[in-house]
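Each of the two complexes below includes chain A, the first together with chain B, the second together with chain C.
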Partner chain A sequence: MSTRRLQKELLELKNEGAPAGIQLLKGDDFQSWILSIEVLGESLYKGDKFALEFRFDSQYPIAPPSVTFVVNEQFQAPEHPHVYSNGHICASILANEWSPVLTVSAVCITLQSMLASCKRKERPPDNDRYVARAPADPRRTRWAFHDDDV
Partner chain B sequence: MAQPFVPTVNDLRVKMCYICREEERYDEHPQSPVVWVHPCNCTLVAHEKCLLNWIQSSLEEPSRKNKALKCPQCGATYVLESDNPALLKILNNLNASVTLAGKVVFACGIAGGVAACASGLYFVLTSYGAYAVQQFLGKEMYDVLLSDDISRWPWHAFINLPLIPVSLILSRTKYVKTLPLISMFYCWTTTTPIAIPGTIRWRLPVDDYPFQPILTWPPSPAMVTAMLPLVSRGYHALIQRIEHWAMGIPSTAPRRIGRIELALADAGPLNVRIAANFLEDGEDADADGAVIQAGANGGQNQQQDADAPARDPAAAAAETVRITGSSLGRYIGGALLIPRIASFMGEFLFQLSLRSPMLRSFLAIRQPLNTRRAPNFWSLMNFYQPKTADGSWRQVGLGVRIGLNVLLAGTKTWADADPVWWRNSVGLGIFIFARDCLRILHLSLAKREIETRRIKSRTFAGIDLKELDLINRPPTQ
Partner chain C sequence: MKVKVKNWHAIAQWRWDTGTSSDTHDADDEGDVCGICRVPYEGCCPSCKMPGDDCPLIWGECTHIFHMHCLLKWIGTAASKQQCPMDRRPWVTAERKINN
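Coming up: the complex of A and B.
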């Protein structure tokens, strides 16, 4: 199921164009895509460009994709109370609130608005502790969701 | 005035499944027609198959369970219809309450374990072992072979008894294939009875040692032990065949995924979850709690996508039963109950045999030893005293013969006593069979429930028709 659905999503992204501020950087297979994300308008992240990596397994879209911010020489994870310095994101739509009605671009838009509504640039309080023993796949983390605005 | 036009999912010009995002135009006719549903109050529609797949996977995920039947967009609750007989509900509740009991056992076990470490784990294990022997071999044999007086215990009791609970628990995992029965009683068949003053008169044999016949009824313990692997293999093959028949798994399925899961369901501080998946040969199945799952490609489903096997209802049913049915406490508690169950079933058979002479002779029920006038006890130790007249080689030969005879047929005491162990073993066998049948019934009902699930499709009542791309636009006023 995953391949056909990703083909459709890719076609939609190419035909209709990605949402504003979002750009497909790598989408040549159906295992992993990379999209760049910018926050438009006035926000703490004005002028910053981040990259999101989506990894899909064969259960997609029944199972959520694994979504992280890319951390390498070119990109950094945004400083945000729900984003860990290793790029892991604490967002309920990527865990227990996932639904197959969501798409790659819908996830990007949600994360974009999560960044846009940020009031203070800071790491999650447990950042160091989490990063030291985080699993490679953030879907294996048991998140406790603190507030509902994400 | 005519009824207002209320379109349904079949009136849409283009349907797009919100799960797989496949589209179907109204004038297309796919080779295998698929069922479309509009299950909620908004404009989302889906393939019924995709939606059922999503619902089942959400139900299996504790954190998503309560949202499994909610539309992600409008929040309406899906109406799920299925063949869900009362018996399945009873079995589900039974399974859940046994699991709860298992959790209690686990919690008590932790508490008991702390106490045991303080007061000596060895002592706790040994006491349990003595209890198990009493349950399994019967009070009479317990008094003759072991008794409550520790000072009389044979030396091997101190090794055998504490190993009993350990082997009972291990026998429920897949790693150890011994049946609990073997460790339970084999070493007791050859044990010299301890003397109980007043009830037993010791007689020293002179020349003719009463060799026990090896082929007797009930079968000698050695015979049972030797036959056990064979019987158990045959039984597993039979139960697996019944299960495959009941679950509709083709018997040609080449490999299966065996699965044990010791888990405390749900979250919590005691979230122990030890899961192991491994491939194994088809016939190597375990009757104890582990669930045989059809391999992803062994199912009967024909799927269009090579990369995503559609979920097989048999596997999903097994998943459902396993999730409500697995907990560490249940495994350990269940294992430690085996002697009690055997004893209960043996007593039940004994009561039945009072009415059936045939059953009575099958169970070989005899009078208890101490009500007989002259208990004819032979003790190997007492017997085997070298006689001066014989050559030493003859003595060795005789010793070996007696040893072998005791090994194969048990001691005379063993052979003369009422074979409580035999009816307990038969009873335990019946219990295991009944339990496996119940498990298969539960699995097949759960599978049927999943297979017959249908999502109720609703009309687009209450939705602005301009939002919908309909085949036939209603005449606009």
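Coming up: the complex of A and C.
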């Protein structure tokens, strides 16, 4: 299922364009895509550009993609109470609230609004402890979701 | 003048009766695709080769419609919590609605 659905999503991104502030940087296979994400308008992240990596397996979209912020020479993970410094994101829609009707673009928009509504730039309280022992794939982390409004 | 029909081709078109008028249907209307696989209802789910009765639709009491195979794949996972992918309400299969 995954390849055919991703083909359709890719075509839509290319034909209709990505949502405002989102850009497809790499989408040349059906294993991993990279999209840049900027928060438009006034926010703590004004002028910042981040990159999201989506990794898909054959279960997509029945199972969620693995989504992380890219951390390399060019990109950093945004400083946000739900984003760990290794790029892992604590967001319910990427875990227990995933739905197969969600798309790459819908996930980007959700994360964009998560950043837009942020009131304090800070790491999660358990950042160092988590990052030290985090699995490579954040889908293997058992997240506890504390609040809905950050 | 006399016209003699030498041969003819019959062409038929079919659609699932989803309760929406075919007048409102157009090629890039997002409303007519299965939300899970994004293939039109009249196409088949990614696991099937032939559209039609072998790859039917399933109606929920919440009014959402999917390819049956797509929905069952989702409902078969623990992660689905047996909820409709659209509104997260408990999935209840409805009797197939046929208008009038």
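Please note the rule applied: the second predicted complex is superposed on the first by the 149 of 150 C-alpha atoms of A that agree within 3 Å, B and C clash if a C-alpha of one lies under 4 Å from a C-alpha of the other, contacts with A are read in each partner's own complex, and residues count from 1 in each chain.
By definition in this document, contacts are C-beta pairs under 8 Å (C-beta built on N, C-alpha and C of every residue); 3 or more make two chains touch, one makes a residue touch a chain.
Small disclaimer: the values here were computed from a predicted structure and weren't measured.
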{"item": "Partner, of chain C and chain B, that touches more residues belonging to chain A", "value": "B"}
{"item": "Partner chain(s) touched by A:Ser117 [first = chain B, second = chain C, both, neither]", "value": "neither"}
{"item": "First (chain B), second (chain C), both or neither touched by A:Asn96", "value": "both"}
{"item": "Chain B versus chain C as contact partner of A:Gln31, first or second or both or neither", "value": "neither"}
{"item": "Which superposed partner A:Ala63 touches (first chain B, second chain C, both, neither)", "value": "both"}
{"item": "Interface residues of chain A shared between complexes with chain B and chain C", "value": "1, 4-5, 8-9, 61-63, 96-101"}
{"item": "Complex interface listing, chain B residues touching chain A", "value": "18-22, 44, 50, 53-54, 57, 61, 63-64, 67, 72-73, 267, 305, 307-308"}
{"item": "Partner chain C, residues of chain A touching it in the complex", "value": "1, 4-5, 8-9, 61-63, 96-101"}
{"item": "Complex contacts: residues of chain A adjacent to chain B", "value": "1-5, 8-9, 58-59, 61-63, 95-103, 142"}
{"item": "Complex contacts: residues of chain C adjacent to chain A", "value": "35-39, 45-47, 70, 73-74, 77, 79, 85-86, 88"}
